[in-house]
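To keep things simple, chains are lettered A, B and C as they appear, and every chain counts its residues starting from 1.
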Amino acid sequence: MIYLYQGVALLEINELKQIVEALLIATPEPLTEARFHTCLGDSGSKIPLQEVIRELASDYEKSGRAFFIKEVAGGYQIVTNAEFESYIKGLFSKSGKLRLSQAALETLAIVSYKQPVTRNDIESIRGVSSDSSLRTLLDRKLLEIRGREDSPGRALLYRTSTEFLQYFGLNSVKDLPRLREVEDILAEDDNELV
Amino acid sequence: MIYLYQGVALLEINELKQIVEALLIATPEPLTEARFHTCLGDSGSKIPLQEVIRELASDYEKSGRAFFIKEVAGGYQIVTNAEFESYIKGLFSKSGKLRLSQAALETLAIVSYKQPVTRNDIESIRGVSSDSSLRTLLDRKLLEIRGREDSPGRALLYRTSTEFLQYFGLNSVKDLPRLREVEDILAEDDNELV
Amino acid sequence: MKNQLHRIDLEMFEGPLDLLLFLIKRDELNIYDIPIAQITKDFLDYVDLAKELKLYSAGDFVLMAATLMKIKARMLLPIEANGDDEIEDPRTELMNMLLEYKRYKEATSTFSEMERFERPHYYHIPATWNPQQEDNTAILEDVKLYDIMLTFQYLIKNYEEPATHSVAVEEVTLSEQVGFLNGLLQAKAKLSFAGLLEKFESRLVVVVTFLAILEMLRNRQVKVKQSKLFDDLFISRGSTFGN
């Protein structure tokens, strides 16, 4: 099948399927009809994405691929078949890399630079409750509780763990990069030839 | 072909190929042999990932897939074929990948051969301030801060990241071509003069 | 005619070493035996032109210019025997720096090629994996020390009352700094450049002061001494000082 536009052959269906496949593999978010047409430019304006997706999906099913095309959030995405979930879990267990939510990262950053700190200190900087991020970070052994504040409230004090230091190759908390040290790097204007 | 372990059939090759395919689709970082065995648990300890990858790669080629399996950063990842670049660009707001400036590439070259290095090490070789290149490279995660120098100044140390290996398609920094020796450069210059 | 530099040349150098390598190659000079007077002149012409075109603030180039002039001055002195028979060529250190830089500059072109080769390939980005109950907060791919630092900086900036310290724009001109140095040299026979640096808050003032020194050096109002490349510079009165 060949797609025609004003009598001119545009793209052959097999070529189209390959293009859509490449887009599905590379896209950081679900591939929408609109985005698809941006990618194809003028030649794609008359081609319905849905039709190509349908053909591609049936190919995947017939050839026993371990993934399928899922319609999600107004677009399409490649996801793995449910039966492989038990194996995929292993990719995320005890992963060498930290995977943290933005909230957890913020909490970790505050504890790193301000330790020892109380939950109150953290929350007054972030402006939101930080209970669940503290729990996540304690669970992952990135933070630990070390004693209590020396004031009437006797609030718990949080600080970073040895595991945290090891992960980043630091000998001690004093070795964290200080803001002043990288200020030059962070300065917007510089004198370098770019 | 069936994989046997102590006389017991473990997994049929087609099933294995599907599992590896699912892992490749789901992994956010290169799939290493070690991670593969974590995912498979006991049943996978005798199965060489490399062999399954080879079979899968040849399937992809034969069936005209728009992607292939790349050996990178000590593992395997799915990558799109070069011919689809012009379409894929449209997925990203800055129309595809930004190229690194000459200054950033120089800085990267120095870090990759001499790591871990301080900013001073870099600047004394380049003879110019390298703040903005360092910033670009940290922002793009091609470099990372890794601890401090073990000397009085305690300067921050920089080294290349996994993203660096992915960006340049390298399996390890050991794969970089050897740096030319000063003597070779001089010998060549002498020849030019003749 | 060959010494004429065109604008197109000006934008392609990564720094003073890169420019020197270019001059050496263009004029087919021997890196073992660099004609220092000639290369210093060409180098200064370039720096002047770059300044005129305001291509960048010339700090690193000015520093190299001072170094070249220092080597040039030392070449004019009778050769001093260093210890027994070893005779130290004042150009040795510069040559070593140039060669070391050249190694990495060559490697840079390899990186450039690898980048070009990898450019058309895109890595598969997996859909976020959500095993049943998982919360849907944004998952960061992987966290680096740099992210922790930036995050803290961002939070603390928003947290603290914006400090209302006025930023005084320092207007410094070359002639002001020439006058300033003249004044100091009236009082003191020798100035340390590092010592001067401590007096200045901004990089701009440092650079302008350096340019002033360079200017005075060319008019022979001052002499500049440096014992080693990138060591401190010592400024003293020159033959036309006070004229």
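The rule is simple: a contact is a pair of C-beta atoms (placed from the backbone, for glycine too) under 8 Å apart; a residue touches a chain by one contact, two chains touch by 3 or more.
Just so it is clear, the structure is predicted and the values come from calculations on it, not from any experiment.
Taken as a graph of touching chains, this assembly is complete, with every chain in contact with every other. Comparing per-chain C-alpha centres with the mean over every protein C-alpha atom, the closest match is chain B.
Averaged Cα coordinates give chain B a centre that lies 32 Å from the centre of chain C.
For this pair, chain A with chain B, the centres built from the Cα atoms lie 19 Å apart. For the pair chain A and chain C, the distance between mean C-alpha positions equals 39 Å. Taken residue by residue, chain C touches two or more other chains at 14-15, 59-60, 122-124, 129, 141-142, 145-146, 149, whereas all remaining positions touch fewer. Annotation for chain A: residues touching 2 or more other chains are 22, 25-28, 78-79, 88-89, 91, 97, 168, 170, 177, 182, 186, 191-193. Those residues of chain C that touch chain B in the shared complex are 14-18, 28, 30-32, 59-60, 64, 97, 99-108, 110-112, 114-115, 117-124, 126, 129, 141-142, 144-146, 149, 230.
Touching chain A in their complex are the following residues of chain B: 14, 18-19, 21-23, 25-29, 31, 35, 38-41, 63-67, 78, 80-81, 84, 87-92, 101, 103, 128-135, 138, 145-148, 154, 156.
By the touch criterion given at the top, residues 24-29, 67, 70, 77-85, 88, 96-97, 99-100, 102-103, 105-106, 108-110, 112-113, 124-129, 138, 141, 144-146, 161, 166-170, 176-177, 179-182, 185-186, 189, 192-193 of chain B touch chain C in their complex.
Residues of chain C that touch chain A in their complex: 11, 13-15, 55-57, 59-60, 122-125, 127, 129, 131, 135, 137-143, 145-149, 151-153, 155-156, 159, 203.
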